[in-house]
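Okay, so subunit A shows up in both of these, paired with subunit B first and subunit C after.
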Partner chain A sequence: MKKYRYSITTLLVLALVVASCGDQNGKASSNGALSSSAAEKVYVAPGEQDEFYAFLSGGYSGNLTVYGLPSGRMFKEIPVFSQFPTSGYGYSEETKPMLNTSYGFVPWDDLHHPDISQTNGELDGRWIFVNGNNTPRIGRVNLSTFETEEIIEIPNSAGNHSSSFITENTEYVVAGTRFSVPVPQRDMPINEYKGNFKGALTFISVEPEHGRLDIKFQLLMPGFNYDLSHPGRGESHGWFFFTTYNTEEANSLMEVNSSQNDKDFIAAINWKKIEEYVNGGGGTKIPANYAHNVYDETTHTGTSTMNKEVLTVDPTKVPGAVFFLPTPKSPHGCDVDPSGQYIIGNGKLSADLTIHSFDKMLAAIEEKKFDGEAYGIPILKFEDVLAGTVKSGGLGPLHTEFDAKGNAYTTFFISSEVVKWKLGTWEVIDRKPTFYSVGHLMIPGGNSRKPFGKYVVAMNKITKDRYLPTGPEMEHSAQIYDISGEKMELIYDFPTHGEPHYAAGCPAELLAPKSKKIYRLNENKHRYAVTNPGEARVERDGNEVHIYMSTIRSHFTPDNIEGVKVGDKVYFHITNHEQDFDVPHGFSIIGQNTSELLVMPGQTKTSVWEPKQVGVWPFYCTDFCSALHQEMQGYVRVSPANSNIDLSWSLGE
Partner chain B sequence: MKKASILMIIGVSFLLGLFNFPLWNIVLGAPQYPEPLGMNIHIDGIRDMNEFDLQNIDGLNHYIGMRKLPKPEEMWEFSVFPMVIGGMIILGILVGLLGFLGKVDYKWFIGWFMIMSILGVLGMYDFNAWMVDYGTNLDPNAIMKLANPDGTPMSYKPPLFGHAKMLNFDVTSLPATGAWMMFTGMMLTIIAFFIGKSAKKATVKKHVVTAIKVKTNDK
Partner chain C sequence: MKTAFRSLVMILAIAMISCGGKEEKKEGFSVDRAKSTEKPTEAPEAANEVPASQRVTLDEKGVGQIKEITLDPEIDAEMAAAGEALFKTNCNACHKIDKRFIGPSPKGILERRSPEWIMNMILDPQLMVEEDRCAKDLLIEFNGAAMANQNLTVEETRSILEYFRTL
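Entry: the complex of A and B
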């Protein structure tokens, strides 16, 4: 009997072991009921972190937003082209120069296409480049501080749209004009556009160590609309491709008049050839006026300088450097697959995608099989360069990205869907609806030689009923699809900020370990910094009053200031003395005609206040910095303009 | 005895680690400090576990009225301890060398160990006394004055050894690399003592045997 009991126990134990083995196997396979749950795929548990960073452009917000994938959680809004009262960007004395242009201070732009720096065609996570579409500018954001470090204005450009894409070693960030304009600008009849306007494609060199931008040359192309672009990669490295529309060169009712040609072009630019030409002294310097704004991380200060000259290149002067590839129906996205072999034209007014072959293009150029020319630029024969056509059955292809398994994913704006198709065979593998009218999509690394093809994010133009209604104006919706399997699976839907036109993503481990936690106070070279509270002081220079102030939990030094007069211009230079992660201090004062400041540990920022009334006026810390945050305040006594009260300042007296 | 003397020298040399590695480590973790703050106590001063930790610990401590953590020049211990340890290392190595040359016997090894142990205990006592003072002798104008359930003022003495919960912080205080090296070295000196002792016994036995043999031959 005893023996028998033992054997039953043994059997039970065995059964348990077997059962648990089965359980594990079930979980490991992708067919398990649990693993197919969309909720589980996007669920990033409290305290856990996302697998990817996603940088979504803000469109008309002018800024860049940072999200996590797959959770769709927003981490930060990085101000680039728009003033941002949250941090004081564009309001503080240090950052106002960042928004300087040849048109003066421009506090807003339309930010479209983020692109992460690359080395050998792979994401390297040093910087992310973005374009301002309206007042043509390129911005560079540092990916260890997640702050805008540089903005360069693009002269002779308008509607800076086929931008800010980078070559595969970040040699250049490229900015192409969507709207052709007279170059140089002049007073002329609009209807003389045809043949007279120019489309400037600007190649901006990126200094490898610090990322400093410098316009190397501007290629002055025929007056078409240069819509989007991408670099060649791998074998096609050294080339850049731009989609064009309005090859009709219409200047009015463009929606009809620029849509008449059956085919527009993809412009193929051999930039290495032009670089050689320029390095050999080629090109013409013309007068220009454009701002170059640089923010220095150690002085915490931006400076703006005006450049007065730009080197232009006439494409007909560099034989063999520029060709046109006929491409149907006003193509939008211009995308190059990870191998660099296929150049995809997303003909937005058609049902089909046109894929050109880089090898065929080279062969056709070699054999000089041209089909005429446009303004002296050879046009290749459509049939000679065509690699294939994707007959998708969708309508309005806009943009394509790639996974690492030879598949491409294209958004179809009109038919509101993402279509997965195979490179080489051009067959459609899958299609999934989007909600609604998808613009661009993003796969982390999906426009590089090394895509991380796990998720695709589709960014939509229309939201309608996806979320709780918020009146007529709503944020745009985005959807995340799992693309690790043969079929795409919609796993999440989240609202974005502004209007994302494009995005860039990368694995979290590329950026997270090097993300800065503080600025070092002992490296702070700000002109008005106080690196120890003993240096805190107030100085008068005519009617300018400079307050050198420091902050630490939880007081300002000094916090009582007297001797300020009506009519003074008071500069509060606030240095945050914390050297602890995530302990910013804020600053604001009553009646300030500008925004607050949010000062990171070790940083100095300056706010100007022009007191208009006699009285005793409080200032306070706007960031809940500690249990004594409410106590973090001070007073400025403002006396009549003619009073003779001396400046004085104190803390704890 | 030669083997024992070499071991003695090696054991004593382990104490050199105290000049490089911390003796003690106190870590303070809290919900808002998922990466805890920490201080390493060296024989010549208190240092950051991670950069800016001391500054941030002082920043937090000011709420409850604790003094700032002492700079090396503010405590006599931090200039005396290195001299004491250095002196003991010189002494220990000297004893080992003399043992090697047969000038002193194994009893000196345990002698050194005992002096070192007494000094160690005194050191710990002093360290604890400092922590008591630091944790209870608070600024009467402290921002936050907290009381224990029985109404007595709360004190913030970190534990000498082990873990304690202090307000929102989990404080863990443990010996660090330097202390472990010292411990290992001192254990080696005890082993040296025992090896020396048994070697002596063996030699005595050998001498006795030889003496008996000589006597027998005389006959």
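Entry: the complex of A and C
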């Protein structure tokens, strides 16, 4: 305690010193260490708002979290691949179909790489795409409702990791497999992997108006591990680049056996060429089985459709479309600079970064300077495509993002640091430690043609002593660095939820003005909506009971229901009649085997309840909605299965 | 003693079970308490002994964007019908025509409130409760059940007003 008091005093003194020499407009200058206060840079005063949105993946939480920068405050968790009792996502009847797959209902996934939609290579803020790694899926989140609108399963994929990156006009969202598998799946010996397994790289078209997803084609590549990817942009628009490892095609003791080759590849895919080939009737349709789940904002309901066919493309059938660029060593991140000229291979088992030149690659292809081939795919000569090497002295480079001033920022996992270097000269400008073992980093717009290079967020894998301990399990730590000057400055440290594997950020003004406040009740097309409390009612259909219920501060209509029997399946269809911003109502009933519902203004959600005991059972609103919130409750009378009590319902009678 | 108590509980329990599905109608307990609807918990100002719901404040226009409107002597039937539809969807959960419910009945409201006051109350109830004396007293009279802002447009609100004229 004494120690804390001492440090607080020190801080106060420091704060006074800093305040007294700071300038008057609140913006710190870069003259001298004391004139720039880290606290001042991240402090967003009460009532004020952040400058940037940041969307951090939740990793094994299966969801996406929304933060503000520079404050590091968390605003929302958006459920995508995991059930979320807070809102009823994946529990309500309307959202259960969103988690349907060819394996049945899969209520969890491992969400890795958010990417915001782009137009002409610049963030446009319509949607954010995310990938489910475990049961391969791509999700699309609407950035006006901040809700998951669509999930498409990816057949023939396994460990959907080099995903969900978009092309520069959001023509495609791309999903590459990390684990190669037999395609189609079949019963075969594991040790016959080599030469037989395939790595599917899937190009999913995005319909420009509503964002609807549709698998355009799957490129069936050799059985390597496709780790990460990024699109070409600007001059390299039309190409897509994937890092590979395990070009050894090992199937066991991978940490040794996949690390034998001194170089693996970056696969360069000319997707425009393949698109032409496919549009001209090329490719082979093969049987498949994958779910396509769509949530409709007006019916407030998700539907799941099973698709039975997918178009595959053999890369050797499209000459000039696919090449391998040798890259040391087991490269992880595959990043393309804002101009589209440089393709960065973050060789995680190498000390150096390898930068390939797009122009050199085109020239080498033109001159057919190949260094052999792999399963019919030409391998370019390393020296012919190499633009440069960053010799940083760090260990374990993983990911690189960019600012708008020609600088790149790379994380080094093993040496726990962010290294700033210059594109073109490859010189290291600065390096700062992270705490600890940094994975990915993010600069808002840092993987687009127009980065907003003010902050970099480093997402770490290990927390240890950064926060008060909370037992063996802790949230991961993240650090914010101010990168507006020549040297990076660590300005903040905040915990994140789940395990962020990547993030996407954008200026607040891109999203805040169009963020939806309410759903209009008169646009509600839900099958069981009641848009008028006069229509609230209870109907029986065999042993199914449908309760059409409405809510407004602070009562349910109806709130007394009789005639329900043990053995019934009771559907509560709750329509929130509020039309005011931030007035949701909740619904829960004793013994409910699902979660509560949180119903937004104008929305309808449904919860199923199967009463097992005779009695009079209360339900109530779970969201403190008004001064009379505690009064927002009701009762359901449950009679024995053989009772002849008629259905009846009322409010205030 | 313990056994005696246990038996008593048992007997009571059996007695309760034997009552069966049809509960004997019991009177609730009674204590000499005023019903809040009869006597507002917070006494209005001395000058305003009349409950807010019965007060006539025709000269007050309330607070908000509606400053002055003139009503045509003829009721616009089409507009009133549109207003009725909106009322059923947006207001009916709390306001019934034939009785006092969560909030007051709109019947006869034009004899007590000005058209401007009514529209301002619908358009921004929160502002009204903060700044208009009558709106504030109504909130207290109606148990603190704050009127919900239904985000209606001026035109929609005007049609609800027209509907009120028909009641």
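As a convention for this text, the second predicted complex is superposed on the first by the 619 of 653 C-alpha atoms of A that agree within 3 Å, B and C clash if a C-alpha of one lies under 4 Å from a C-alpha of the other, contacts with A are read in each partner's own complex, and residues count from 1 in each chain.
Note that in this section a residue touches a chain if its C-beta (ideal position, glycine included) is under 8 Å from a C-beta of that chain, and two chains touch if they have at least 3 such contacts.
Computed from a prediction, not measured in an experiment: that's the story for all the values here.
Trainee: After aligning the two structures on subunit A, examine subunit B and subunit C and state clash or fit.
Mentor: Subunit B/subunit C on subunit A - steric clash.
Trainee: Tell me which partner A:Val278 touches in the superposition: subunit B (first), subunit C (second), both or neither.
Mentor: Once the two structures are laid over each other on A, A:Val278 reaches no partner at all.
Trainee: Going by the touch definition up top, name the partner, subunit B or subunit C, that contacts more of subunit A.
Mentor: Per-residue touch count on subunit A favours C.
Trainee: If we overlay the two complexes on their shared chain A, which of subunit B and subunit C does A:Gln579 touch? Say first, second, both or neither.
Mentor: Touch status of A:Gln579: both partners.
Trainee: In the overlaid three-chain picture, which partner chain does A:Ala250 touch, first (subunit B) or second (subunit C), both, or neither?
Mentor: In the superposition, A:Ala250 contacts neither subunit B nor subunit C.
Trainee: Quick one: classify A:Arg553 as touching subunit B (first), subunit C (second), both or neither.
Mentor: Touch partners of A:Arg553: subunit B and subunit C.
Trainee: When the two structures are overlaid on chain A, which partner does A:Val42 contact: first (subunit B), second (subunit C), both, or neither?
Mentor: So A:Val42 meets neither subunit B nor subunit C here.
Trainee: Counting only touches as set out at the top, which of subunit B and subunit C does A:Val336 meet: first, second, both, neither?
Mentor: neither
Trainee: Going by the clash criterion at the top, which of the stretches 76-84, 94-102 or 184-192 from subunit B hits subunit C after superposition?
Mentor: After superposing on chain A, the clashing stretch of subunit B is 76-84.
Trainee: Just which bits of subunit A does subunit B share with subunit C as contact spots?
Mentor: Residues 518, 552-553, 578-580, 627-628 of subunit A touch both subunit B and subunit C.
Trainee: Where on subunit A does subunit C make contact in their complex?
Mentor: Within the complex, subunit A touches subunit C at residues 518, 521-522, 531-534, 550, 552-555, 557, 577-580, 583, 626-628, 639, 643, 652.
Trainee: Touching residues of subunit A toward subunit B in the complex: what are they?
Mentor: 518, 552-553, 578-581, 627-628
Trainee: Could you please specify the touching residues of subunit C with respect to subunit A in the complex?
Mentor: For this pair, the touching residues of subunit C are 21, 88-90, 92-94, 101-102, 143-146, 148-152.
Trainee: Sort out for me which residues of subunit B touch subunit A in the complex.
Mentor: The contact residues of subunit B facing subunit A are 35, 51-52, 55-56, 59, 63, 143-144.
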